[in-house]
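First, the structure itself, so that you have it in front of you.
Lettered A, B, C and D in written order, each chain numbered from 1.
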Amino acid sequence: MQKITRDVLVEKAVSLLENGSVSCVLGWKKGEFDYDITPAVFESKEELVSDFIFDDFCGANFSKYLVQKTRKVEGKILVFLKPCDTYSFNQLLTEHRFDREKVYAVGIPCEGMVDIGKIKAITGDGISSIVCGDTIKVNTIYDESFDINAKDVLLERCINCKSKKHVAYDELIGEEGEVIESNRFDEVARLEAMTPDERFAFWQNELSKCIRCNACRDVCPACTCEKCVFNNPKSGVENKAPANEFEEKMFHIIRAFHVAGRCTDCGECSRVCPQNIPLHLLNRKFIKDIDSFYGEYQAGAEVGSRAPLVNYTTEDIEPCDVFERGND
Amino acid sequence: MSNSKKYLREEIIRISGVNPKKCMRCGKCSATCPAYDEMEYHPHQFVYMVENGNIEPLLESESLYRCLTCFACVERCPRSVEPAKLVEAVRLAAVRKQGNNRMTANDVPELIDDETPQQLIVSAFRKYTK
Amino acid sequence: MQVKEYKPLIVAFCCNWCSYAGADLAGNNRLNYPADVKIIRVPCSCRVNPMFVLRAFQRGADGVILCGCHPGDCHYTSGNYYTRRRMALLFSMLDYLGIERERTRVEWVSAAEGAKFAATMNDFAEKVAALGENKRLEDLRCKK
Amino acid sequence: MQRIGVFVCWCGSNIAGTVDVVAVAEALKKEPGVVFSANYQYMCSQAGQDLIKQAVKEHNLTGIVVCSCSPRMHEATFRKTAAAAGLNPYMVEIANIREQCSWVHKEMPIGTEKAIILGKAAIAKVNLNVPLTPGESPVTKRALVIGGGIAGIQTALDIADAGFEVDIVEKKPTIGGKMAQLDKTFPTLDCAACILTPKMVDVAQNEKIRIFSYSEVTEVKGFVGNFDVKIKKKARYVKEELCTGCGACTEKCPMKKVPNDFNLNMDTKRAIYIPFAQAVPKVATIDPDYCNMLKNGKCGVCSKVCTAGAIDYTQKDEFIEEKYGAIVVATGFNPISMDKFDEFAYNQSKDVITSLEFERLTNAAGPTAGKLLRPSDGKHPEKIVFVQCVGSRCDACNEKGKEYCSKICCMYTAKHAMLTRDKYPDTDVTVFYIDVRTPGKNFDEFYRRAVEEYGVHYIKGMVGKVSPEGDKLMVQASDLLDNKQLKIEADLVVLAAAIEPDKSARPLATMLTASMDTNDFFTEAHPKLRPVESPTAGVFLSGACQGPKDIPETVAQAGAAASKVIGLLAKDKLTGNPCVAHSNELMCNGCSSCERVCPYGAITYEDKEFRMPDRTTQIRRIAVVNPAVCQGCGCCTVACPSGAMDLKGFASEQIMAEVDAICK
């Protein structure tokens, strides 16, 4: 389905690596299965040619890796950024989390990534091979094969894609897109319209699935703290296992609050959640509230913008009035 | 203030969207009004009388129809009170009150004579095509 | 099993300069409010981390109220403006998760508003009591 | 583990009447860390304090909890008690069992139960208290005054009088400000120059005062007691130290058509000029926009006539860096632009002028040598109309004007009207007013004199329109009391334009991290109790930069600001509040969230090298709190995503311990 091919990216990476402009490349690498693509650092032409992948499973957002990587690597790092990744990239720059001089960012177009969960819902377990394309061809170890329309199994975040436009890059491959009017807040609005009891039941059900694997935190480009409060015995919220309902709720409330105003809605949290908890609905609630209370704000749209929670106006809405406005 | 007065006052304020309490009584509206001498009640009085619920005399007054709706008072009011909108609202109240004097735009042309100011014609059309 | 009379537990965070002084004034004027309200002094309402609010609920509070200087009157010029944003978002989120709205509140109480402080606490305690025990944000490990 | 002593006060019957103090003392004895517990009738009395001191010594106490009245009442008392007993004063916590317990609850069991819980919370907090020592920082004993108007002059003179060095930075070539442009001052009608210029001379002659004229502040770093300021001395192409101010150059310069801003462009000056005869410093300045020599290298007349050899066409902007202990902002005001007020025909007719222009027209040193003549044709005006509140008291949505009352216009308009009638009894003077506001000593008397003795016509109403007709001005106005619309033929219309802060104030506020209101007036630390201090420590406010003011008020405020500065500079060291924020550099992300919410600019960033566990080093951006500037609000602690930022004395752990104790 992707318009840009793996070979174009490899060629670009190899040329930059060989002329010495960059010393390593952040890219996608095939994992054990066709669908578990993992982020990887490539340091040679050979590695790139043999292992670099770009297909419909390359959802991973590399922005976060730059925080640690730029501190360790001599020379520049080449990073490939899909439109949604560029927002995280900018947000991290706003927060001074890495040195822009040490990065060479190549913007690449994205046609949307697919959700292996949705594919498995169709094919069942035991996938032996997947060939990407507008029609995804899946074979299983039970000798079954499936032809699936890629558009039918897009990741939630891609169905509700907010932007095909790159907001940061040194170089762009392919065509530039536009910011999109998405319906990403519809689901939040649907929840808001429920009764408190229904909402409570919904979240109780969802959050109780949490196994505290911390994948959402570990993948989140806004969660780059040197020391996470959940790992800090002094923070008062340290906890490493899902002890009970309260812990599950608190973890997710605090996590959402910590990234509120900084979350770019990249959707990585929901993509990686092994329990399929719709975590993006927590973050989007904050984004929706911020938009309606304090005016539209897209984190990462520009470097240096003042996040809503470190800003104020004297006319801001009172906390007692948020319920009337929030459920419009 | 009696209830009926209050009601009428609320009605005028609602129609006009004007908050007469913002007025600081500087009189600039009346100072600026080109139809001042034609009017029994002047723009600043309109604001004051509406604020006090003293609207009956306005409804009865010719002044309502002497206002050219030129918006000079709206433009120059330092407090953004917008007196012309109040006049317009009282006019509307007068129209609605009588109920049977509602015209259609087609009725306007035959009422025009040489004396009629152009702005009145324009506002008549504006009003009766609503 | 012994049936215990239900008394709500309310934690009130008060800023040192306005609301804590307002609470003192309520005391000076002998204005009653329920003993269920326990005040914690903070330098400014903006010192209150959302984690403290959750902590209170975890440990068994039935309601949490923040009191600060009126907007524009903050001793530190802008602290309460940040509080206003933080708590607006936090409360909206708690509501989104189905936690009763009436359990959380922000109120601006000046040093001169002893009567408002007492009235606010009476009202808040009454509303929280009407909701009954906090079940939706309780941590059973912390229950006696 | 702490060794805590608990002291429960009866406060006579104030507490003991509703709280069983003995039971409270007994119950709290069992709390972790508590090694001593006592109750006493009046803890704050000498005997009560002695009891505390004795217990500290006998039981080796490391922390104290006093269950008594509000900490706002006696926290300071008990901290002193602790210090006297050799304990760190910040190891004391108060449980407020009077104002927030015994006085608001009626029944003994309820009061007692709550008092115990409040005591437990205080004990839980003290368990986590650490001794705190206020930070100290040295004070540079020199003050900077930004702005050389009457506010800046008075502040500088008062500071210098106390023996401290003061520098004045003034962006114009001379100090004096707006007051130097005025003719007479209300309500006494003494001449502005007569009372101002001696002060200007005092400034020039005072050994403690340096004047940086034609200069601007371009950078401010540091904090209270230790500001580092960069000042740009603009090139005036004249060597200040050589120029004698003889004025020969200003007479010979062939470039005569330079608008004279000192006279509000109502006449012209030369390209080399001294703004006015009593200028301080009395030094010529070349206007580079008009000087032929500077523009195209042709001329050089001034250089030829200057016997002192002071002209230097190659002069460059010069930057001066200086340290200051305190900064006084005295940037003053300007009348707002009349461009948007089309109805008054200000841009259409030369005979519609602002009040400040009127001041110049009546000033003996002004363009007409003090004769009141119409700018258009130089004729004597027979009918003058004054319009008050032009651009003042406008609605917030009105883009032309200002929401506030400019405060000085009523009085100067009365002054102008009165002086006109005094000098030219044949001239008819009408003032249109909305309200006449005269709260000030002898102010209303002054206004009444204008009406009663001088026959000025005061008409309640506003002017709606001014239209030039021939050589006259047609003024259309309302007379609200007579309920009439007036049409007056006038020769001169004078607009009392609203005043606004000088444009240089906003960038200056950013440099100083001093806060401003929406109108760009500087905000005071407290509107009633700290009116001349900015919330930013070490920055003080003098004159109209803080809000519209007349001269007496400005001088009073200037003196007040000076006394605050003197109070600061008199100290050798500044002792801060130890309850300040501090950042744990190991956890800090360097993300700037804390810096953005800090109202005091107390947080800066530095790159620090860290040694990593794998023996490599990493350079990370980390936040550093300046304890001398931090006021301890704690806003940064919540903005910090990683929890690296904490507040001493109100640490997150302490507050959570209180929460836990209350909820237990």
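Heads up, the rule we're going with is that a contact is a pair of C-beta atoms (placed from the backbone, for glycine too) under 8 Å apart; a residue touches a chain by one contact, two chains touch by 3 or more.
Computed from a prediction, not measured in an experiment: that's the story for all the values here.
Q: Which pair, B-D or A-C, has more C-beta contacts?
A: A-C
Q: Rounded to the nearest whole Å, what is the centre-to-centre distance of subunit B and subunit D, using the mean of the C-alpha atoms as each centre?
A: Chain centroid spacing, subunit B to subunit D, equals 46 Å.
Q: For subunit B and subunit C, let me know how many angstrom lie between their CA-based centres, rounded off.
A: Spacing between the chain centres: roughly 50 Å.
Q: What's the distance between the Cα centroids of subunit A and subunit B, rounded to whole Å?
A: Centre separation, subunit A to subunit B: 59 Å.
Q: Calculate how many whole Å lie between the centre of subunit A and the centre of subunit C, each centre taken as the average of the chain's C-alpha atoms.
A: 36
Q: Could you list which residues of subunit C touch at least two other chains?
A: Where subunit C meets two or more other chains at a single residue, that happens at 50-51, 55, 78, 82, 86.
Q: Listing for subunit D: what residues touch at least two other chains?
A: If we look for residues of subunit D contacting two or more partner chains, we find 597, 639, 652, 656.
Q: Give the residues of subunit B touching no fewer than two other chains, as numbers and ranges.
A: none
Q: Spell out all pairs of chains that touch, sorted by label.
A: A-C, A-D, B-D, C-D
Q: Quick one: which bits of subunit A touch subunit D in the complex? Just the residue numbers, please.
A: 71-72, 94-97, 224-229, 232, 234-236, 258-259, 262, 306-307, 309-311, 314
Q: Within their complex, state which residues of subunit D touch subunit B.
A: Residues 343, 389, 391, 393-398, 400-401, 434, 460-465, 476-480, 483, 485.
Q: What residues on subunit B touch subunit D, complex-wise?
A: Residues of subunit B touching subunit D: 22, 24-33, 36-37, 42, 44-45, 72, 76-81.
Q: Contact residues on subunit D for subunit C in the complex?
A: For subunit D paired with subunit C, touching residues are 70-73, 96, 98-101, 103-106, 110-111, 113-114, 117-118, 121, 515, 523, 535, 579, 597, 599, 631-635, 637-639, 647, 650, 652, 655-656, 658-660, 662-664.
Q: What residues of subunit C sit close enough to touch subunit D in their complex?
A: Going by the criterion above, the answer is residues 9, 11, 16, 20-21, 23-24, 26-28, 30-33, 35, 38-44, 46-52, 55-56, 59-61, 75-79, 82, 86, 118, 142.
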